[in-house]
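In the two assemblies presented below, chain A is common to both, partnered first by chain B and then by chain C.
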Partner chain A sequence: MYDIQSYHQAASVADAVAALVRDPEAMPIAGGTDVLIQTREGRHAGCHLVSIHGLPELREIRREADGTLVIGSGCTFSQIHASPVLRPRVPMLCDAVDQVGSPQIRNMGTIGGNVCNGVTSADSAPSLLALEAQLELTGPEGVRRVPILEWYTGPGRTVRRREEILTALRIAPEQYEGWYGRYLKYGKREAMEISTLGCAVRVKLSPDRQRVEALRIAYGVAAPTPVRCPESEALAVGRPLDEALVKELGQHVLTELQPRDSWRASKAFRFQIARELCRRAFRQAVIDAGGAIHA
Partner chain B sequence: MLEIIHMTVNGKAQELAVDPRECLTDTLRQRLGLTSVKKGCEVGECGACTVLIDGKAVNSCCYLSVWADGHSILTVEGLRGPNGELSPIQTAFVEEAAIQCGFCTPGLILTAVEIVGTGRRYTREELRRLISGHLCRCTGYENILNAVERAVEENLARQHAE
Partner chain C sequence: MTIGRSVPRVDARDKAAGTAKYTSDLEPRSYLVAKVVHSTIAFGEVKAFHLEEALAVPGVVKIFTCFDVPQTLYPTPGHPWSVEEAHQDVADRLLLERRVRFYGDDIAAVVAEDDVAAARAARLIRVDYEPFQPYLTPEQTTAPGAKPIHAEKPDNILARSGFHLGEMSYEEAEASEPDLVVLHKTYQTQPVQHCHLEPPVSFAWQEDGKLTVVSSTQIPHIVRRVVGQATGLPWGSIRVIKPYIGGGFGNKQDVLYEPLNAWLSLQLGGRPVKLELSREETFTCTRLRHAIGFHVDGAVRRDGTLVARRCEAWSNQGGYASHGHAIAANAINGFKQLYRDEKALECSAYTVYTNIGVGGAMRGYGIPQSCFATEALTDDLALAIGMDPLEFRRKNGIQAGYEDPHTHIRFVSYGLAAAVQKGREMIHWDALRERYRDQTGPIRRGVGMAMFCYKTGVYPISLETASCRMVLHQDGSVQVQMGATEIGQGADTVFSQMAAETIGLSLEKVHISTVQDTDITPFDTGAYASRQSYVSGMAVKKTALAFKARILDYAAYVLGRSVEELDLRDDQIVDAADGAPLRSVADVAVEAFYSLDRSEHITAEETSQCKVNTFASGCCFAEVEVDIPLGKVKVLHIVNVHDSGTLLNPKLAEAQVHGGMSMGLGYALSEELRYDDKGRPLNGDLLDYKLPTALDTPELQAAFVEVPDPTGPYGNKALGEPPAIPGAPAIRNAVLHATGVAIDSLPLDPQKLVAAFTAAGLIDD
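Our next item is the complex of A and B:
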């Protein structure tokens, strides 16, 4: 038996928000793969839960008329991995969420939960940062959108207010059309492993595929929150695709990261994998984009 | 306070009163006596509590029973034939000696049901990934992979013959 003091199954997002407003101690639960496990550990003793589990309105994946991809926050990782809407447009995200936990966990855990728990190790976070996703929240005052770049405020902390529900993640067409990307995760095991460090690189090449037109680099577990590396991204713009650039990028990202020592890995080791993953993901993204790295 | 839920368990409609704090592992084991659903780590890592919900493998230890309302649950008890005979997937596990202590077996068999049910053939590497949510401390996984591979092949052969 979980140590849950009160439980409300919301019938809709509006009902969930009303329930969160009514009970100042209440918190939302979706897939349950974080909240229930933390409850088992005693972290939310006597918690008041408002469940949005399985709400059909949160489980839709669609493409709007202007090309914007809309992913319901209640979509499971396996649903995203298998989505015919997302696969051809944002394969990086589909593959990134396939690295979470185990097949069973991916059948339960939701992308909304992965974003709302605010942790730096969330496997979807670097890709969503590199895709500049917009997060749509519904609260007592209505709907607002927050760019994911303004989402994280600290370890496990986000700008979501307690009585707000994240309902959807939106990816604009200019974020995926012409872009190619890769997410690489480092862990000691291939499965059931929390990321030691993860790196997402997206690249857009010039029409002749000889130069970088735009670059995005994002990391998980390389700082207290998932982070982008804007300076490294800027230095690559207009540069030819050569080994000098690959080398420089891997080195420069380190100035924008603050990894820590933990039992999982030392700071020095995290710097080493941050450098290496950036280079590997960049190389692979360039190949995906139809370019080649010259000596 | 108990809540009434309706779910289909192993093909049979069930009306049950459950506590909202209860996880599906406990409901299946204690209220329905389905003890093939094992209590292992209880934090979603070992896979011993795996059941299929609407055909998808889920860790029942981190799933509230109230969420099962309106859904269809399959446990290993539901694989029995009309005269108590083993299903082809269970037989494949026996034939390949994929069982030692047996604690991980019910969960692995249900994941195998999901894998076989896709009607696809998988590489060994893909199968390793697909069973990665189960911990087996006895076998070293080789015979389990042999059994899953065999179950997939036998199913494809049966489909081909039909």
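Our next item is the complex of A and C:
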């Protein structure tokens, strides 16, 4: 039995926002795969919940006229993984969300919840950072958009205000056209696993596929929040695809990461994994892009 | 013939359909819910409780604390009671404790109308403690000046034991030849949890002077005795009911919370109380496989002869005795029972109290730990002299006819060498050992093996007794009642097969009562020690023979023949000479029930006291791929080969092996309950405690060498626990083969491997 004090099933986003405004103790719940676990643990015992679960307006995935991909925040991981709109354009994101938890979790958990939870281990976060997604929020004052690079304010904290509902994630066409990427999750087992470290690498090659035109590297669990590695990205621009670059990238990302030294994994271990995953993800992304790494 | 056939499980239909009843399905009317309050320090004294806020929570009925309970110490392990005081289990538990001995110790209990109210109240209870510095390791707890965890054991050593084989000491043997290769190693195993699917759960209530406890347990008759010892009630006034259970693996071979639940009900006028643990409480507050450290020396001649070994084992008991030293004592037996040391073997074992979670029984009872030590040492010694480790085992391993010089348990049947040969062929040992020599690069492969031996039941260390009752139904079928328990291993199915086989009935004519009710079912100590198909199987056979004799006696009367002329086969009374059917058992049964001349209700009940034992054995072969920069081990192929005598039901045997291999994989690679320096568990949940998932599990190959054992009731010997034993050292040895790096502690988790590979120069930046 869950210790839930009150529960309001919203009829719409507007209704959800109104309910959050009405009850200053209320919090939103979507798939419930985090909130209910925290309630069971006692962290939210006696919680007041406003449910946006199942709202049709939050479950849409579409491509706008200019090519912008719009993913409703209530889309489940399973839905994103199987989306014919997303699969050909952002396969990295589709594969990343397929690595969350278990089939049951992926059928219930939503990408909006994954982002709003604000944790560094969220499996969708490195990909969304590398895709420079825009997050659309609806609150009592109306709608606003926040770049994901400005979203995280600390461990488990985001710029979302309590009365705001994240409604959609938007990915602009210039973020995916011509780009190839890989997300590599490192966990201690192959399923039902929280990320020990996750690395997303996206690459855009020169027209002759001999050089890096642009690079994005993003990590989860390598710092208090999901992070990008702008210096490492910059050093690769214009460089030929060779082993020296692979090696240098692996070394350089470490200067941009601040992993925790915790009982789950030591800092030294996370550094080793971060270095290796960056290299492997970069290699695979280059191959996906039709390039080859030369000795 | 039903023995040896893969008949379907008798409980398969009910379990698949969801109609099988487990403890929580049997809820009595209007029960209350109990929630145990656990200490938030690992060592110290409870000074006071502040209960006001908790008592004010709506729905709270009553709160009991450690200051309310009887000061009667009781034992918890599921051993047969000993009539000799010196051999009785250590009684070191109270229902609730003032002196806290591990993080999560039971200090109070809330009883409420529902679990939300109970949880709210439990969170609001504030406790004043006098904390002491906790001891997490044997070194800390036995250091000079350490505070006693239990006053009765001032040096914190619960028990010690040892033995010495050979004409000389280890030291003398090591010095006896100039050219011996000697290794000094420490092999360390970790605490792990059983992770049975169903948490410990019970209902308790009292009516008409009888205290009833329904519990998820392996050992209902022992639960009755211990509830009696803890509450002071006469044992006959206690009734324990054991329905289907969702796994136990030894954790439920301990009397966990039944005594507290019974006592809570008694305080509330006998009202039904439910006490169900959460997964987190199961990790923190029940039992663990002991972490044992083995300080081992080994001396080997360059021709591959094992000359001498010495082992000192330190077993981390945690806060309470539970099964105590029996496990460490069994662990060191693994050294003598697996190899022949030419000159000397010295072993000693210490079991020490510490302030971590309590060690108890878990599938293998000390042998998974010692198998890791003996089998890692074997590969390390073989490597040191450049010998194939399989050849080393053939040369020095235990042979047919072995008899333990102390317990006198023998390999009555012996299939170890054949099992090793079979595994060797299945894994392609010789080809892979050659192929994976001298590899380079970040991804490398290796193949490793380990072997074990394991006794069947606990004779002569403890009592082995079992009983069975058979009752004839009017249709000529039989109701079989056992004190032995079905815990998922398939006991009901193989007992049914045994009854059918020996009586001469078809399997459809055998009904087995799966629920044990200590008011009704005959006595048996329960499911543990891989004993039931052997020990309780003897009771089935003895009872079935008596039952058959009574049917034949009645049939002789009905048919007007002499009983010597009759036999019972295929549900028919037949002419013993030519097998010709004379009358169906069903007809005889109707006559027996309703005869106006001689009505007789045919039943049989027998006790079988088992005074024999025999070793089972086997081995595991594993082929692995090691991703060196990521510290990951992928098991490509894994084979267990078992020498367990005649297989009663080959499919069930295979399933038993699969389950054990899965536990072995977790033990090898990922499972470990960890503690911070305050003794608080860090990962006592299924998120951070890394139980392998289906995707982490390769195809599990189970194979057997079937050598019928003459002491087994149907040629069978132990199989329940053995499959969990050899996997971890086989995988460890495969990683050694792949990388040249010897990992001497479990589990082989990625962080440990990356550190070891970095130290060995296998990872560059």
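Following the convention adopted for this analysis, the second predicted complex is superposed on the first by the 295 of 295 C-alpha atoms of A that agree within 3 Å, B and C clash if a C-alpha of one lies under 4 Å from a C-alpha of the other, contacts with A are read in each partner's own complex, and residues count from 1 in each chain.
The definition used in the following text is that contacts are C-beta pairs under 8 Å (C-beta built on N, C-alpha and C of every residue); 3 or more make two chains touch, one makes a residue touch a chain.
Small disclaimer: the values here were computed from a predicted structure and weren't measured.
Look at A:154: by the touch rule set out above, it reaches neither chain B nor chain C.
Of the two partner chains placed around the shared chain by superposition, chain B and chain C are both touched by A:191. When the two structures are aligned on the shared chain, A:103 is found in touch with chain B, with no touch to chain C. Once chain A of one complex is fitted onto chain A of the other, the partner contacts of A:1 extend to both chain B and chain C. Shared-chain residue A:45: touches chain C; no touch with chain B. Once the two complexes are laid over each other on the shared chain, residue contacts for A:9 go to chain B alone; chain C is not touched. When both complexes are overlaid on chain A, the residue A:78 reaches chain B alone and has no touch with chain C.
Residues 1-3, 190-192 of chain A lie in contact with chain B in one complex and with chain C in the other. Those residues of chain A whose C-beta lies close enough to touch chain B in the complex are 1-4, 7, 9, 32-33, 36-37, 40-41, 51, 53-54, 78, 101-105, 107-108, 190-192.
Those residues of chain A that touch chain C in the shared complex are 1-3, 42, 45-46, 186, 188-192, 194, 250-251, 263-266, 268-269, 272-273, 275-276.
The residues of chain C lying in touch with chain A in their complex are 114-116, 119-120, 123, 629-631, 670, 674, 676, 682-683, 686-688, 690, 692-696, 749-751, 754-755, 758, 763, 765. Every residue of chain B that touches chain A in the complex is listed here, in rising order: 19-23, 26, 42-45, 47, 50, 56-59, 62-64, 66-67, 111, 128-130, 132-134.
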